[in-house]
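Chain lettering (A, B, C and D) follows the sequence in which the chains are written, and residue indices restart at 1 in each chain.
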Amino acid sequence: MNETAAKPEVFYLDEEISRVRGSGMLSYRSSRLPTWCPGCGFFGIEHALTEAIRELGIKSHELVVVSGIGCTGRYPFFINGYGIHALHGRALPVATGAKIARPELNVAALTGDGDCMGIGIGHLPHACRRNTDIVCVLFDNNIYGLTKGQTSPTTPTRQQTNSHPFGNPDVPLDPVRFVLGAGASFVARGYAGRPRDMQVLFREAFLHKGFSFVHIMSPCVTFDKVNYTYQRLNELIMPLPKRHDFTDLNMAMERALDRELFLGLFYKEERPTFAEQMRSYAERAGGEK
Amino acid sequence: MTKEKRLYLPSESEDFQATIRARQVEQDVYFSTDPRDLGWIAENIPCQAACPALTNVPGYIRTIFEERYGRSYELNRFVNLLPGVLGRICSRPCEPACRHGWEGNGEPVAICRLKRSAADLKPLGHRITEEMFGPSGKSVAVVGSGPAGLGAAHDLAILGHKVVMFESLAEPGGMLRYGIPAFRLPRDVLATEIGNLLRLGVDLHCNTRVGKDVDIEDLMKQHDAVILAAGTLKPNRIKMPGAGLPGVYTGLEFMMRVNAGEKIAVGDVVHVIGGGYTAMDCARTAMRLGARRAIINVLGTEDFLQVEKHELFEVKLERGEVRGLVSIQAVLGKDRVEGVRFKRNRLGGFLPNGERDGIPIEGSDFEEPAGAVILAIGQQPDAEFIGAGVNKSERGRPTADPKTFMTSRPGLFLAGDFMTGAATIIKAIASGRRTAWKADEYMMGRQRKKLVTRHEKAGILRERSWDFIARQEAPTLKPAERGQGDGFGEVEQGYDSAPAREESKRCYLCYLKFEIDVGRCIYCRWCIDVAPKDCIKLARGVKFKEDGSYAGIEATEDWREVAAIAIDNKECIRCGACLKICPVQCIDVVKVELIEQPVAERPRR
Amino acid sequence: MRKIDLTIEICGSSGDGTLAAGDILAMTLSHLGYHTLSFDVYPAEIRGFGKCVAHTRVSDAPLYSVGRGVDVLVSLNDPYSIEQAPSLKERAVVLFDSWPLKEVGEGECVAGHLKPGNYLYGVPMGELSQRSTHGWRSRNIVALGALAGLFDMDVDGFLERLTSKFKKKAGVAEQVAAAFKAGVDYVRENLLKIDPLSLALDKKPEQKGYALLSGNEAAAQGALDAKCRFYAGYPITPATKIMEILSARLPREGGTVVQTEDEISAIGMVTGAAFMGKRAMTATSGPGLCLMSEFIGYNVMAENSVVILDGQRGGPATGLPTKTEQSDLMMAMFGTNGDAPRIVVAPTSVAECHYWVAEAFYLAEKYQVPVIVLSDLFLATCKTNVILAKIDPKKLAANKVPTAEQMKDYRRQLVTDDGVSPRTIPGTVGGEFVVSGLEQDEEGTPAYDAKTHTMMTEKRHRKMRTALENDVPRPERFGCNGKASLGVLSWGSTMGAVVEAVERACEKGHKVAALKQVVLNPLHVEDLKAFCADCETLLVPELNYGGQFANWLSMHVSAPMRRLCRVNTRPLSYQDVLEEIENISGDGK
Amino acid sequence: MEHYVIIGGGTAGNVAAETLRQGDAQARVTLISADPTHYVYRHRLADFAATEESFDSLIVHDPKWYEDRKVQLRLAQPVVQVRPSDKSILLAHRERITYDKLLICSGERHRLPEYLSPFDKFINKFSSGRDAIMLKARMDRIEHVTLLGGDSIGLQLISALLPAGKKVTLVMDEYRFWPFEFDDKQKDRMAEALSKKGVQVLKDDFVTDVQKQNGGLLVKTRGGARIATDEAILCSGMVPSLEFLADSGIDMQEGVLVNERLETSAGQVWAAGGCAQIYHPELNDYRCSTGYVNALVQGELAARNMMGALENAPLCEPGKFRISGEEFTTYGWKGFSLDEKN
């Protein structure tokens, strides 16, 4: 027995704090403490997104964050950057407009499941088709949190909510399938309990030229105590199989249709963005030079 | 151009899987001497830090909960040597420090009584364990068999040295045997535990006074080192009229004579002068010897006395009285004590021992009758037997280097009250042991034992409901029963196993370190939400102390500054609520203990 | 005169369980036989920040409005409660959490903001919650226990109500009971009640027939009683509750509730269902009504019977989602393109929410017109004891079925004297028809000629007059008879405060009268004019900035009106109105 | 703007608040009291408990009095800590208040001798409005009361209980009629005087046990007496209630030690009334100056000194009380007589 035994994972708070401070991550935060319920998965998403933005070296002033209504909608208040808290479901149009007006800025549309897959879903397939170079993050907690626990479009069938006391009769929308079907050029899925994974996905999403859709499964600790809890999601998720090829849409769709909840980059396609298309049309028509 | 067709996620990496696995499997134990870890113990295990011997309190209380009383006893004995004795008469510096007694947390855990239960409840065939070193060939003389001498002799024997011990009185134990009344410490307990220490091969010579029966110079020649732990046998005296009258005793003299079996006639009213433990014992003993009133007279006020509040309560429960702001001026009487003359005092400054001084007010004299006067105003080392060649203080006390405990004469060490002046039993034991280590280092030329922190992965171990268990009362003899028999039956009774286990549940187990892994944390604050105390902070930084240990967490409410969410182990009551709720399992529990470890001969670099 | 009239406020942060506690309190008091009126103020955020106040007025007589001034304040969050402190009455009682998690600075605790005559009772709610349930969440229940113990309520009865509320959730009932008892016991063992407030009743009051309902609950009940069979809606504060209730209850009645992706879809589905002859409704709030406004016009045009309930909240736009206001009147009256007459009703009490929602179905069906029911956040969420009206079974089938004669040549858009065209239910043989958003002639063919448009527009307006004459009750007058020095006109929930204020003003000898009309369009203009002529001065209190109702009335009568307009996010209290009455009347009596 | 904080809502505190307001119209004055009840005439509490008198009639100042004087009144808010180093105090509900000048006049509470502490839960106290309200609520069920000790509150209880037709037993302290030490002669005189009034007196004895019995209590003494009683009330004197000063560094013995100007050992902190302890040269002893008169005089004087005066407090005057024609000397309680009532 002596002290030369190898030190397993010891860390000291001061060293950790120095590491965090040194990384610059904190400069992407505003002074307001997030008002989400303690334990909310959105904290993990926020953390990972911040880390990804930091990793990419995007400056705060080059960042525009657009959100709709709902718990997700609060996000722009907690980040140091340009933020737009738009109307319910209307984050994507606002973000699209913003990006087209100022292509040099980085625009992210942050939407919730009610926002993006419910009231605003009319905008979603068009955003996919249009392929504007924005990152769309879907904070999917399968529930309407801000209005206190009603069914959302992604709430699983049979789940009981305040608006469906006998169970949800509808089949939930799978955002990944939906956007794959709608022609999104970048489709990924993450889980709020795995911030490191999300960080990689967000980084790739920002790097991708075109409409990048990242679906994040996140527990609502206040209104969903049975279905997508941390505990259950930890059991349900699994990384995409080793042989997965993200250039293959068929394979991506197959994985999306699989009963497993796969995490990772499903599909990625290089194709001209809306702005590039417009520019090429303009060039062909001989308008601008 | 090869194109990547698969994006790998960090959670798929083998490292990640390995860490997940590692968290599920028991981790290796590791040891540290980092000041941040040593400092953690000092800051976060308040009972252990308050104990001069650094007893692993949470460790031994947990083993009582596990009903491993023998192990609990050993965890004590490793560092404080006399658990059964200390469990009864320790001054309990740990209990006022106990986190359970902090504002809003209730009452402190009955640490001392639990120590006693470990001793009382250990199995009959309990075997003591000692990690002996091989014989060193060195020999040491220890002068005095009180707590300090016993502490020193024990550790020296463990370290492989030959130990010879000299005691001037008839039996070993010093103040334990002669200064403490039997109603507080039964003699059989004392004899057993002293016996356990001496069994390691200590050669004890009783009725042998160094300076009279043995010459210190001879000892220096015969041994490689000499440790003087001769205690404080020279009572302090007050120069005043009547101090020599029959019926005037010093506290130590009074206690020694009663403990030797003498029935002293104390009369109707006994005035005790002084406010230490001896004064309390004298007053209670005097009441048992038939006094109607026993009044303890102190210079300053009761609030500043350096005795436990419980002790004062017991005195008063037995209808003893404590009176502040008086100075004794004279003892009155012709052939024996008849009365005392006092002056009233003004409250003065602080005395070195933490008490307040009293300054007599001119013309405030008053007289009171007295059957006996006991001057329990302390003792000091009797150092006359030490010859020249040793540096001494102005008051004639030998002095030692504060780090090595060695006097100016090489090989001559001091320990316990003899070095520090009268202190507590637990301090003396600790001092004896520390001196032994230093003497060992002196003789062997290198450090052979040191304190390190031992870290081991643990779980929550507790239930929240345990925090609301009331402190278990130990039965005491009712005041009315206390004078019965010879009057010296043990007043305080120990716990049975059921209350002992119940009390052991109350311990927060502060040696558990709850820590958030910042790298895994998602800053969701769920832990803060469920925490029962203000114990989890949004941290912007850490404050340091001069020695490199943490002084505290700098908290913030500004999201831009929240570099980490950190558990303030000082506020933490180890309820585990945070760990249970954490969605990303980033909270670890590590059991941190202070242990004595042998130092390898050639430390690897 | 009332013997008991206490206002109890529980104030906390969202997440403290403030509103749940208020709910339980009102429910229990009501069950014990008191009249209660309770109202919550809460923020849009679920947790984190935002003040919640559960405001319960308790009395031995029926209540119609909130009281101003608080008799008992229970603080679950001191910074927020401090904001409530100015409303404490002189001898008010304050219960607060006497063991906060950490030290606070001077003035950060409600205890430092009391008036000298207030009574302070400290209860370590958090500590007791931890002790009894090992968590913070039951502070509110501890507070209720303390309240029950302090006011010597029927503790067992209280506990029974409490546990029965939670009996479905395993383990929760026990925890709640433990927390409640902890509160009761703490108060009994540690506090001595020294304040003069009392809830003691001389005799146990009559409880029969009373139900404790909010406006939303009453409205949902009204829909059920009126045999509504289809509901579509999108969650929005404060109307969501109606959907939640109907979701649970309509399926049993053979009805259907659809939660749509937005309000546009909701009104669309309701339109389709109504077309198919089902009684159908949606409920929303201002922003949703905006989305629906195109469909309102469509339903006027298509003469379809839809019921839209608008729970008004602070606006414009997303506005103040959790604050009450009465500022949607103009949109309800006029919102949409074109000349689009529709019936607008504004219930003034919880009981009327029930009656008038039911009546709305009758009117919509009979007159083939959208009926907009204007509730507001206060009315929708305040709970009070009500006796629900019986719905006349004759009104359950009001469709004007074509006669056999008419069936020979069925014309959906037949121009009639009363303006109502006979309507067949799809599935009726020979009754086929087409409706459209386009202007149609009698046969249903799209027609853009001047004659058709004039004729059809007239027909759609004529229906309103028919309704006024046959089915819109005459306005009700309160207060003094004959000439009045002051006449008060109001609408919606504010009427409750007016009724109580006028009652008190008359008790004090003022000559004051009030006129109540629930149907705001069409309007009994003659009665209105007569009332105005009887009163020297007119006062119109309402919760919007410009006086929308006063403007609406001014389109019909020329008398000048004083406006009492408030947009302070709170409902008007009867004291507010009473003060204004006294200001105007002076001592003149 | 100075912030004067007064701890204690009794006589001294109220007088001080008024004096401070008179002397300084701008200052903030905060009056903090641990009692939930308003400031009452304490000497009438015993009568209140034994008769039909209402509690409101005991209240000295109505709420308006405080409003008019802009005195912030904090009732039911015990102070738990005083920290002169940063001039702050901590209330039991963890609110920290800073002061510029502090006056401690927290008065006194009952004294429980340690030998009676094992029976604490059976022994009722009578030192506050709260105690009085509770005693009054029990009064119907009480026929026999046993008083333990002996002090002026005991006398007031006797003077109220006897006319109300209750039987009273006094287990008299061996050495003291609080706060005075007896000699045997005085003790006999007192016992006899009380016996004449109809009180059953046990002297030279002390309680060794109190237990429940038949819905009432059984009190046993060392002398072998077994007293069956409905109510045991402690009247072993009053001691300053100063627990909240424990770690303040302010010098205390039984009370807060003050000089003649009522200054404590900490800067900007004064003490007055029953909790202040002053050395009396003519008594050769320290005294806590109990009683209404002393509180009145000292409260006003302390307030003036807080505003800059440097006046010396007059030493508390001895008072007399009479029982069965016998006269006894005391401090604080002026001119109390058990004779006028009976």
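Just so we're on the same page, contacts are C-beta pairs under 8 Å (C-beta built on N, C-alpha and C of every residue); 3 or more make two chains touch, one makes a residue touch a chain.
For clarity, every value in this text was computed on a predicted model and none was experimentally measured.
> Which two chains meet at the most C-beta pairs?
So the pair of chains linked by the most contacts is A-B.
> Give, as an integer number of Å, the spacing between the C-alpha centres of chain D and chain C.
Chain C and chain D have C-alpha centres separated by 56 Å.
> Using mean CA coordinates as chain centres, what's the gap between chain B and chain C in Å?
69
> At least two other chains touched by the same residue of chain C: list those residues.
Only 99, 102 qualify.
> Which residues does chain D have that touch at least 2 chains other than itself?
none
> Quick one: which residues in chain A touch 2 or more of the other chains?
Chain A, residues with two or more chain partners: 33-34, 36-38.
> Chain pairs in touch?
Taking the chains two at a time, the touching pairs are A-B, A-C, B-C, B-D, C-D.
> Would you tell me which residues of chain A are touching chain B in their complex?
1-14, 16-17, 19-21, 26-27, 29-34, 36-41, 43-44, 46-48, 78, 80, 188, 192-197, 199-201, 204, 219, 221, 230, 239-240, 242-247, 263-265
> Where on chain C is chain A touching in the complex?
15, 44-49, 234-237, 240, 243-244, 247-248, 251, 257, 259, 261-262, 287, 318
> Tell me, which parts of chain B touch chain A in their complex?
Touching chain A from chain B are residues 3, 5-7, 9-12, 16, 19, 22, 27-34, 36, 452, 455, 515, 517-520, 522-530, 538-542, 544, 550, 553, 557-564, 566, 581, 583-584, 597-598, 600, 604.
> Please name which positions on chain C make contact with chain D in the complex.
90, 96-100, 102-106, 108-109, 111-112, 114-117, 119-122, 191-192, 194
> Please output the residues of chain A touching chain C within their complex, sorted ascending.
The contact residues of chain A facing chain C are 33-38, 69, 71, 74, 87-89, 114, 118-119, 121, 144-148, 150-151, 153, 162-166, 222.
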